[in-house]
Amino acid sequence: MNDGIFTVMFYLAAIIAVTAAWGVIYCKNLVHSALFLALCFIAVAGLYALLNADFLAAVQIMVYAGTVVILIVLGIMMTRRVSMDRSNVMEKSSILGAAVVSLLLLVCLLLIFLNVSFVDSAVNDIQDTVGALAQLLLTHYVLAFEIAAVLLLSAMIGAIVLAKGADEK
Amino acid sequence: MEQFALTHAWLIPLVPAAAFAIIGLFLQNFHKLSAAIAILAITFGFVMSLGIAGAVFNLGITVDAPFVQRIEWIKIAGLQFDMGVIIDPLSVLMLLVVTLVSLLVQIYSVGYMKGDKGFGRFFSYMSLFSASMLGLNISINFVQMYVFWELVGLCSYLLIGFYYYRIPAREAAKKAFITTRIGDFGLLIGILLLQMLFGTVDFIQLRQVIPVYLMANGAGVLTIIGILLFMGPIGKSGQFPLHVWLPDAMEGPAPVSALIHAATMVVAGVYLVARAYFLFASLPILMNIIAWIGAFTAFFGASIAFSQHAIKRILAYSTISQLGYMMLALGVGSLTASMFHLMTHAFFKSLLFLCAGAVMHAVNEEADIFKMGGLRRKMPVVFVTMTIGVLAISGLPPFSGFFSKDAILAAAAHVSMPLYLIGIVTAFMTAFYMARLLFLVFFGESRQKEVHKVSRFMQLPLIVLAALAVVSGLGGYVYNFGDWVRFGPPVVEHMDWLLASTSTLLSLLAFVLAWNIYGSKRWSSDIIAKKLGIIYTITFNKYYIDEFYALLCRIFIDGIGKIMYFIDLYIIDGTVNAVSALVLLFSKLLSKFQTGQVQRYAAVFVCGVVILLLCTIMYLDKVNGVLAAGGAF
Amino acid sequence: MTVGMTHFLILSALLFCIGLYGLLVKRNLFSILMCIELMLNAVNINFAAFNYFLPMPDLSGQVMMIFSITVAAAEVAVGLALIFRIYHDFATVNIDKINNMKG
Amino acid sequence: MNFYVIYPEIAVLVLALLLICADLILSAVETRRSLGYAAIMILGGLFISLFYQYHIDGSVYFYDNLFYFDNYAIFFKQLFLAAVVMTILFSLDYAEKLRYSGEYYAMVLFALIGMMVLASANDFLTMFVGLELMTISFYALAGFRLDDKKSAESGIKYLIIGSVSTAVTLYGISLLYGMAHSLDFSVIEKTFNVFSPLGVAGMAMIVAGMFFKMSVIPFHMWAPDVYEGAPTPVTGLLAMGSKAAAIAVFIRILFTAFLHITDYFMPVLAVFSAICMIGGNIAAIRQKNIKRMLAYSSIAQAGYMIVGICAATPQGIKSVMFYAFLYVLANVGAFAVLSVVDCQNNGTEYKNLSGLSQSAPVLAMVMAISLLSMGGIPPTAGFTGKLYLFTAVVESGYVWLAFIGFIMSMISVYYYLKVVRVMYQGSPDNSITVSGSIRAVVLISAVATILFGIWPQYLSILTDFAAFTFLR
Amino acid sequence: MDFPLLTIILVIPLLAVGLLMFIPPSSFKSVKVVAATAMCISLGLTIYAYVTYDSSIGGMQFTQSIPWISDLGVSYSVGVDGISLPMLFLTNVIGLAAVFSSWNINVRPKEFFILLLILITGVMGTFVACDLFIFLLCYELVVIPIYIMVIIWGSTKRVTKEYAGMKLTIYLLMGSAFMLVGVVALYLQAFPAELRTFDIAALSNAHLYGTLSQSFQIIVFFLLLLGFGTLLSMFPFHTWSPDGYAGAPTAVSMIHAGVLKKIGGYGLIRLGLLILPAGAKFWAPLIIILGLANVIYAAYIAIVQKDLKYVVGYSSVSHMGYVLLGFAALNTISLTGAVANMVAHGIMSALFFAVIGYVYEKTHMRSVDQLRGIAHQMPRISVGFMLAGMSSVGLPGLIGFIPEYTIFLGLFKVYPFLAMLAVSGIVFTAIYILRVLQKVLFGPRDYGLDKYKDAKGAELVPLFLLGTVLVLFGLFPQLLMGVINSGVAPLGPFLQELNNVPSLLVTLGGIW
């Protein structure tokens, strides 16, 4: 891929992602937040595509932008609020603390990252990511794969019991 | 018989001890049986003592070559104590005096204590006392002596507090114990130092090593040890300034006063000094101290006895005074005179106490001599015996006190004129206050309507003792007491007739004076008291020494104790409690921090991450200088 | 300036911290869940980028992303179920009100 | 692919699935005790079978280097199995109160699989998935008591903060991946560059995640609330299993992946352990709820276990394993009693335990023994365990840590004794019936606690074996 | 293998505990009988051991050793020598007395006696243990039963029983925390890794191999001193003792003051002196000072106390000062005295607490201000009081004298002037003991107390038992001193060598 296009695409996606992320937090309306979140995810998916992770980009959109956001919206519906305005305000009192903590973390991370010198020349250039991923998943990481299946089962059962229990009340 | 007695001398204390155990454990409520056992036990002791005395005479056992038996009591690495028996004229004298007086007093007690609830208890204590005192007499070393020394102290405590339901009695008992304990404190240190210095406390061995030590090292350390040792006798024998317990001790029954606080226990101090005379006699400074303390105590005691009202208190101060005499004698180097006086004093003073007991018994436990009077017709036996006692103590010939006191005065006169003068003045005072007592109690008009009869059990000992008070002095003089009981070469008593007649004259003068004041009431005692004014007040109040001690006690015992307790509660414990409070406070802070607000938890979590990252950065900075090299921000 | 690993790292750090900030200031449980997703997503960028700039043909970074997404989904599922329960029990989704235990 | 290596996980998984199916088949009115018993039998068999898996020669992997079946892993698997068997045994009664008891057993088993995977995991991916399997199961389990508001609250709290932790861990893994280009512990060990900011920062963040699971101060804030709200057996399992699993994997990461940096890291770890011991114990003093108190106490216990890690010697690891085992035993006893009390007195406040020594003397005794074991008072195993721990750490030169440890363990006795006081001094409100299964479990825990306190010979040999083959 | 006498002595109370578990809580009588029987057998066997112990040979006898924990080098090994045998005897005597003095307990007696027997076993274990691990095991085992007993059966006066129990427990545990660090360091330092052992005899030889440097010994001994000193109620770590005794039930006070405290002194000798001689020597001057503080300071405080248990509590602090002094003088005579004083004080304080317990149990009064002239109503109890008091005063013929004397003697050899101060303790002791005795026992009859009866029946067993020992060992001290001597005398050369080791004073002098 052309370096220039890569750069432009990166900045585009990055700016969208960061802005959307900020929007998630800034919006006072929960629905708006959710929509911003979806936008952010899509931007990140774009980044994935940029990074030769096309399968992941697809998964991202499917799982996150689709499933996750839908789940969230579903959740909003089920909480049955009359108006979504001001459903999602920031707690004023904790802004300062939260900002300090977050900034501290950011500063620390940046301090570390800016001191790493990367050799960016070599680029992992696998074309058939899906096949390669499948290969890896079913050989090297097969156990993790299986466990992930159990994990999903467990989460499912847990979620069902919890939600059903709540419903039956 | 004599041989048996000699080799079985250890039975003498043991049999009364057994009697104590039997009575104390099983027979407390069988009054007659317990009295019989106690008396039998002490009679056995007396008979044995007689046997031993015979053996001593016949076998020629002298103070230089005592008969010693010993048995190992403790043996550990670097330390060995024996218990044993030392038989020489000195201890035989004590054995005889103690067993005899003890026997008589116990017989007297059968009558005196009749009807008392604690009859059995009394005889068990008496047996224990006899056992301890006899054990003390035959001690072969300082530790054994200390053991029995403390035991007689215990008996004294128990018997002073015999009427434990009376507050003065129990207070007196406590006072006696603690006061003597202060003396024992010095004694114990002295013994410990002796043990440390010589590795032994055995009298026989010490006697050999001490002169050698003195030659080599001089008297310095030994004098200190001697002073410490002498603290014991000061306490026990009621010497100034630890005499305060003895008058109070009269709260005990009269037989107790007679036996313990007149005849036997209080002379234990004298006996100790006599027993360890080889040590004391070789330390001139110490001898001076002993003599002066003795002389001062003699005078001091007499001066208080002058103004007291309670009959037994007068006798008690008299005892203090007489003990001072004995110490004086020891201090001026005459062991013989001291022991001689010890013996005669034992007889006449116990006689006096028993008489006083009989008198008080007769007049419903009234103690104030000014409230008595005219008893000579109502209790003639007591009157006669008491008169003999008074004459004996006043040193009128031919009664026993004359000989023994004179020996002391003679010895004092040899050494130091001031001491002699104090002695002679004291003799005058003694005669005066004893006469005062006699006249007030037995002469004048009768103030007591009802007078109890004196039982036969009580009369018999009085008579025996009176006889002894008459003859013991003369006997000792005639049979040359100093041949046997002596330190160094045999002493041949030469009566110094000048001194003797001086003191006799003074005593007579005192009698006349006393008769004029108290007998015929020619001169009013009240006016004299007023005229003497402050002196009278001071002596009447015993020089305020008790009050002074009480003040010291309040300041230095209770006061410091309270301060210490305060420190303990609020400083030491306070620190501990403060620490625990601090921990609790910290705990509270931590709980407060746990608000239940989950986002705060998350924030803290992130802070933790930040801390870890900071550690990382610091570490990286250290290993490859991130901040220095990059300085990116 | 070519876009390199550092850029991606910074981006992910930014997103992560924004998510964290949101998580700390929001009181609505749903938006807290969203912020969590945001944070997990930020991490995935790291994986993708590292994988991309890997000097060898290996996709374990992407595999990791798959699992990460799976886990995120599972977490959200359980989270939502729990939020239902919370709503039933407390009749609110404001986290400040759900505060029975403290100290 | 060596499926033999994962037979315990497979067995547990099959069991879990069978339980779910059986739960569906069983009629609604029937009790689910039988499921519990079945699980206990099978897990017990598994536990015993694992004794035969200890080996002297080289350990085997599942595939490549990914899933290590060494003595160390076997020991911890046994530990988790023991914890879960006991937990199920003492929650048989408690589960009746939960509406979905069949699912409850299944979820516990899922969590168990997660722990077991963690014990063996030799790469970050497997570790991550195992960790999440365990964690997510616990999120659900924490909220499993449908009739209790606190349960839901504890679930959501755990989920939120746990997710943050997951994100941080994942972040760390990503950085490490960036440094080492691999997720494999052994590869990372070989390529770990102690001067690389990425690697060290990644390690720091992973450690943060582990600390969260171990509830090390300051990553501990969740523990008291979650412990208090979760159903009592779940709390027990959280305290035992979750913590021990985190310890297991933490040690493995530390001494394989991060082996080269341990020298630098140990002082930091020592400080954290000291803070844990101090903070946990002090905060526990004023608690009113026993589960909450135990949460703080478990924070302190984590501190103790980290002490052993600080030693960075086989003896240290051995002492951690030893301590972990008896920590599980003690917790089994304590939580078994608590679950009975919770069931029958409706609460786990101090006052609910009042007079327990009269209403149920056995329970009171076991509770006392368990707590004292946590406090490290002889003749309970806690004392021996602490002796091992501090011997190891003093040998490595951290005498001050031993000081803090011993002093704090004595302070901890203060609040443990408060429980003892309530149990022995107060008078009971109502009678308590103790079922056979509870009696069995508390007696096992008490007997084992005392046995290992007086005579730890075999446990010591076993842990020695596991530790010395792990860290030669 | 020989007949495992000591193990049996140890196990018998535990067997009784096992038996008690199966007796229904309501059958009070059988609970008490079982406990008493167990302690009787145990005491009988101990007396057998005491009698058959060969003092002429000395050293550890009745030994038994079983490998126990291989990797720590622990073996279950028990044995007694001249130092521990009297302590074992003491434990059993007081144990039996404690059982009988608790005869009237009717509140949950089953639990009481179970805990009591565990407590006694623990104390016995520390004395017979030849292995440091076993020692520690038993050492801390005793703390918890005491706590439970205090909070259930204790009494609240100046401080609540909860406070007292907790204070006592935490104090002792804190002390032991320092000690444990010391022990761990010692264990690691004494031998190279593969030879490590907890065997006390082996550790005692470690300093000969030079593995324990002087500074190491100094530090570790200080730690041990903190631990054992706290247990011994060494100034300023003594405040738990009066409060604790005041709160504790009779039996606990008896055992605690009687034997438990003695573990401190025993530990100082057995572990402190024998394993770390240079450390002991170094700190000896400090211990002397603190011991003196104990003797005089505590005696002073005892003088102003009103509560009988506080008097005896501070008195025991004061008496333990003598033990410290005897220990720190570091010669055979003083050490013999220290051990003997532990026995002596054990017996007399147990007797004291027993009689105070009776009085309190009957009248619910403990204050000197309230109790007056109880000799009228309770002559037997009064005799017990007198015996204990007089022995406390150090009256010859009772158990207290010879130990004190030997301690003083040993101390005089080293610090004559301080020794004089120490001897002054006998005066203070006399003051506070007599003040109490005369106020409580004597005086006019208080008719309000007439409704309380004297001790009778089983209650008399402790009085008789302890009184007998008190008098027997007082009249025939060699019975006690001989055995102790066989344990201490062999240390003579060892202590001689210590003369060359610098002490704190030397170091301080160097600094000046």
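Should a chain be cited, it is by its letter among A, B, C, D and E, assigned in written order, with residues numbered from 1 in that chain.
To be clear about the criterion, a contact is a pair of C-beta atoms (placed from the backbone, for glycine too) under 8 Å apart; a residue touches a chain by one contact, two chains touch by 3 or more.
Bear in mind that the values here come from a model prediction, so they are computed numbers and not experimental data.
Touching subunit D and subunit E together: B. Shared contact partners of subunit A and subunit B comprise C, D.
Between A-C and B-C, more C-beta contact pairs join the chains of A-C. At the centre of the protein atoms shown, by the Cα-centroid criterion, sits E. Centroids of subunit C and subunit D (each the mean of its C-alpha atoms) stand 26 Å apart. Mean C-alpha positions place subunit A and subunit D at a centre distance of 31 Å.
Measuring from the averaged C-alpha position of subunit A to that of subunit E gives a distance of 70 Å. A straight line joining the Cα centres of subunit B and subunit E is 35 Å long. Counting partner chains per residue, subunit D has residues 125, 128-129, 132, 136, 139-140, 143, 146, 152, 155-157, 160, 164, 197, 201, 224-225, 286-287, 411 touching two or more of them. Residue positions 170 of subunit E each touch two or more of the other chains.
Residue positions of subunit C with contacts to 2 or more other chains are 5, 16, 19-20, 23-25, 32, 51, 54-56, 58, 60, 63, 67, 71, 74-75, 78, 81-83, 85, 89, 95-96, 98-103. Remark: the chains found to touch one another pair up as A-B, A-C, A-D, B-C, B-D, B-E, C-D, D-E. Remark: subunit E residues 68-72, 108, 111, 133, 136-141, 143-144, 147-148, 151-152, 162, 165-166, 169-170, 173-174, 176-178, 180-181, 184-185, 187-188 touch subunit D in the complex. Put simply, subunit A touches subunit D in their complex at residues 109, 112-113, 115-116, 139-144, 147-148, 150-151, 153-155, 157-159, 161-162, 165-166, 168-169.
Listing the residues of subunit A that touch subunit C in their complex gives 3, 6-7, 10-11, 14, 17-18, 21-22, 24-25, 30, 33-34, 37, 40-41, 44, 47-48, 51-53, 55-56, 59-60, 63-64, 67-68, 71-72, 74-76, 78-79, 87-91, 94-95, 97-99, 101-103, 105-106, 109-110, 113-114, 116, 118-120, 122-126, 129, 132-133, 136-137, 140-141, 144, 148, 151-152, 154-156, 158-163, 165-167, 169.
Within the complex, the subunit D residues that touch subunit C are 124-125, 128-129, 132, 136, 139-140, 143, 146, 149-150, 152-157, 159-160, 163-164, 166-167, 170-171, 173-175, 177-178, 181-183, 224-225, 228-229, 286-288, 292. Contact residues of subunit C toward subunit B in the complex are 20, 23-25, 32, 95-96, 98-103.
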